[in-house]
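Some notes on the structure that comes next.
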Amino acid sequence: MIEIRPQIRSALADSQLQKNLRLTLSKTAAGRRQAIAEVANWEELRQHARQVKAHTISRLGEYLELLEKNVIAQGGNVVWAETGPDALDFIFQLALEKGIRKVVKSKSMLGEEIRLNEELERNGIEPIETDLGEYIVQLGHEHPSHIVFPALHKSKEQVSALFADKLGMPPTDDCEKITATARKVLRRHFLSARMGITGVNFGVAETGTIVVVENEGNARLSVSVPEIHVAIMGLEKVIPRAEDLGVFLKLLTRNATAQKISTYVNLINGKRRPGELDGPSEFYLVLLDNGRTRILADEFLRQTLYCIRCGACLDVCPVYQTIGGHAYHSTYQGPIGAILTPQLLSAEDAPEHPFASSLCGACQEICPVKIEIPHILLKLREKVQDQKSARAGRLPLERWGLQAWSWIMTSPGRYATTNRLARGFAKMFARKGRNPVPPLSYWTKSRELPVLAPKTFRELFEEEERKS
Amino acid sequence: MSRPIILEKLRRLHQAEEAPSLPSRVPDFPRYPDPVEQFKIELERVSGVFLDGRNPELVRQALERVLNDAKAGEIYWESEDLFARHGIPSQLRDPEAFRRGQLVSSSHPLRQVRLPLTLNSHQYSRQTLAELTVSASSAACGIAETGTILESTAPGVGRLLPVLAPIHVAFLRRQDLFMNAADFFSRVSLGDRASYQVLVTGPSRTADIEKTLVLGVHGPQKHYVILTN
Amino acid sequence: MPFGVDLVSRQRQLVSPCGPAPPCSTVMLATMRVSLFVTCLIDQLYPQVGLSAVKVLRKLGVSVDFDRRQTCCGQPAFNTGFAEEARHVARHMLSLYADDDQPIVIPSGSCASMVKVFVPGLFPEGSRERATADKVAQRTYEFSDFIVSVLGCERTGASFPEAVTYHDSCHLLRELHISEQPRKLIRQVDGIDFREMENSTRCCGFGGTFAVKFEDVSTAMGEEKIRWIQNSGARYVIGNDVSCLMHLDGLLRRKNIPVKTLHLAELLAKFND
């Protein structure tokens, strides 16, 4: 079971993290608003994207088969993997067969999901993260804290210190110098690696195209220099046609980074063709399930899979803004993490995620494919509570409490009686400051209690009625 | 092993349902009265450099500017086809003529410049490719809406040349400029001929450190587009 | 839709536009009756808010019925993941209103959202209970929305010469899409100095059980909100939900910050009689 409260506590106490979060998240907020305001038919685009995803998800098998057919027709290979270990086994086998000792990687959340880097290392293969944010995180032996900006939690001083320590770079607070160091170091790796592993933003079924979106050029290099390109893709990333790419890219980039389009949109159709001067001589597309077919089974919850990983929900979430990404203690953070984690794993494994939200709805408002995140969180809360009851055999205390409460609330008489009793007790607890009795203790740690009015509204209303 | 299991799960899920339909048309994308002007504005907004190349003299000036900016003496060209496609004059292709100053005044520093003009990447080792300063290629097309060009592989053309050099020049024909991304994606046929295409918009960049923008990460740091007729 | 079209057009026939000078005339609206669903929080902890709501509605010529059998809308159980228990309570609430067709006015964004958005979904589609829930949802209005969109009124004749700011509570804003109505009403209070705070739409951190289950995050979010309130220079923060106000007020008092919370109904009831 993933416990997040300890992580949350330390995130709140980490003043450097708090400072970093405040600084970086405010930077793109205005840019994003501007980028969205510029698009007159933004709502139409969102609806279109959602509809494309809804259609695709309900015909997923057909489109995956079509994608496979087209990839194979271009001389590529398609490997289906039900679980993370299935995907990893394939990659290790391939690497073993080809004598691969080093792999350059461009950003892939799916890779994080299946712990690709750890497993590669365990098998004696060196993975080199080439996206700057991922590289920083890798050097620091950490996990990414944001879907789009993996090193969001670090200040530039912290990055400089890390580079000074691990790469011998002279300390500097000049981001350009830090980036130049990374470019130099990673260039050497690019030119000597024989396998590149990338993620996939969209897999276009009708053309067999793998789309990889980026700004740095590390994906471009990862699919151009090495002799083998392996692309790992979640089942839900397939889309039927190329003509919808304009819509998806517009939504994705404006939401993710407030840009009109990413610097590089790689449109990959397999290995090099005869006559082409360079490029990989082998291409493998790994299609990974890892629990997605289970999510598909629920008609309401399956919209979780519409996500195009723009990361905007993280940026606008007041909870994420307060605790950062690592506090979620899972591959995916923020609102999408809160709904995806308990579904990829199970409600039992991640029972706290659905509750770590005030249900404010800012995420749903910004989501390019209109995922109903707060409503999903409520459904997941139900699942957690139902599983708790089922597992415990007897009624958990919380459920018993709410059942008693609902029993009281379904009768005006019981409600009135409970009121009178509560008022009696309340006088005992009506003092300022902290109160040791839970749940009052949780409230009063930082807040004063509301003052219990001497008479209820209905008593006062009735008095007034009697007077007139 | 996994393939039949996954496909079977998916088949069982989809049996009872009616799929929501695929929308029949793509929403409108912006159109511009002057697409070239739009292209220029957007390219410059992302720190790309727009150069007019509508006649040979302007092309020469553009290349002169690139070499000056780069403090370089060589441009590595993608292929011979580039010249015919963009109407680049034969004088520019002839190192001797260039050296004799036929295009530049005799006192011009470029007179000292060597301009190997038909360098194909396969003639050179990875090391050379890794060390070259300026590369030039022909863009298959462009998108006015975002100042974007499309680089594409082809017989005689690879993936590496346009991305390795820190300074890249792309030639784009006016007639190949699409109005917007929707037009582009509805008309382009992905995967028909090329194994690899990439939409390029400005120089490489990152904001991974404190969301501070830095240009020139792994891809080119300077990005020029010369618009020819 | 947050309001029924028929009702609005009917009212618009009866009412002359409320200009800047006189408050809405009582004579023309004498025929309207509404049911007040006062919410358990207001009943228990903030009865003045309920009394103010009644006072304002009466001033605008609306008769207010209060069904004494009412208790709660079921949101606390629903919010915590106990749909079954929420259903029981919602059923009781619906039974109060199933047999008439009077508009129901609720001085709370989150309770109005519960009734309008979430309660119908608790019952299976096609069932009789679902049909009842849908009908009740249609006739339910949040307090400020009722005054502005149904009564067509933006001025109640209240006067409050203070610097105030407004907090957009989440359900009100994002489930009911209500943000202009409260502002219109605030602006027309005599003497008011209305300052918009930055990030007025950012969650205050209450979130129901979240306030207790994740009290440290809830508090941090509330503190952030208070910073923006203080930056605005306002001495009062107005809101449509006592849940948000209770949370902010608790923090403000613990920190001895001289800003007070005020429900919109209380503000609009400040008549100089």
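Per-chain numbering from 1; labels A, B and C assigned in written order.
In this section, a residue touches a chain if its C-beta (ideal position, glycine included) is under 8 Å from a C-beta of that chain, and two chains touch if they have at least 3 such contacts.
From a predicted model like this one, the values you see are computed outputs, not experimental measurements.
Looking at which of A-B and A-C shares more C-beta pairs in contact, the answer is the pair A-B. With centres defined by CA atoms alone, the chain at the far end from chain C is B.
One finds 57 Å separating the Cα centroids of chain B and chain C. Centre to centre, using the average C-alpha position, chain A and chain C are separated by 34 Å.
Listed in rising order, the residues of chain A touching chain B in the complex are 20, 23-24, 27-28, 41, 44-45, 48, 51-52, 54-56, 58-61, 64-65, 70, 74, 80-83, 86, 130-133, 136, 149-152, 154-156, 159, 175-176, 178-180, 182-183, 186-187, 190-191, 204, 207-209, 215-218, 220-221, 223-225, 235, 240-247, 249-250, 257, 260-279, 287, 289, 293, 296-297. Only residues 38, 40, 42-48, 50-51, 54, 66, 68-72, 74, 76-83, 85-86, 88-89, 91-92, 118, 170-171, 173-175, 201-203, 205-222, 224, 246-247, 249-251, 253-254 of chain C touch chain A when the two sit together in their complex. Taken together, the chain B residues at the contact with chain A in this complex read 1-3, 5-7, 9-11, 13-14, 17, 19-23, 26-29, 42, 46, 120-122, 126, 130, 145-146, 148, 153-160, 163-164, 180-182, 184-186, 188-191, 193-212, 214, 216-220.
Contacts from chain A toward chain C in the complex involve residues 5, 8-9, 12, 318-319, 322-323, 354-362, 364-365, 378, 380-386, 398-399, 402-403, 405-412, 415, 419, 422, 439, 442-443, 445-453, 455-462, 464.
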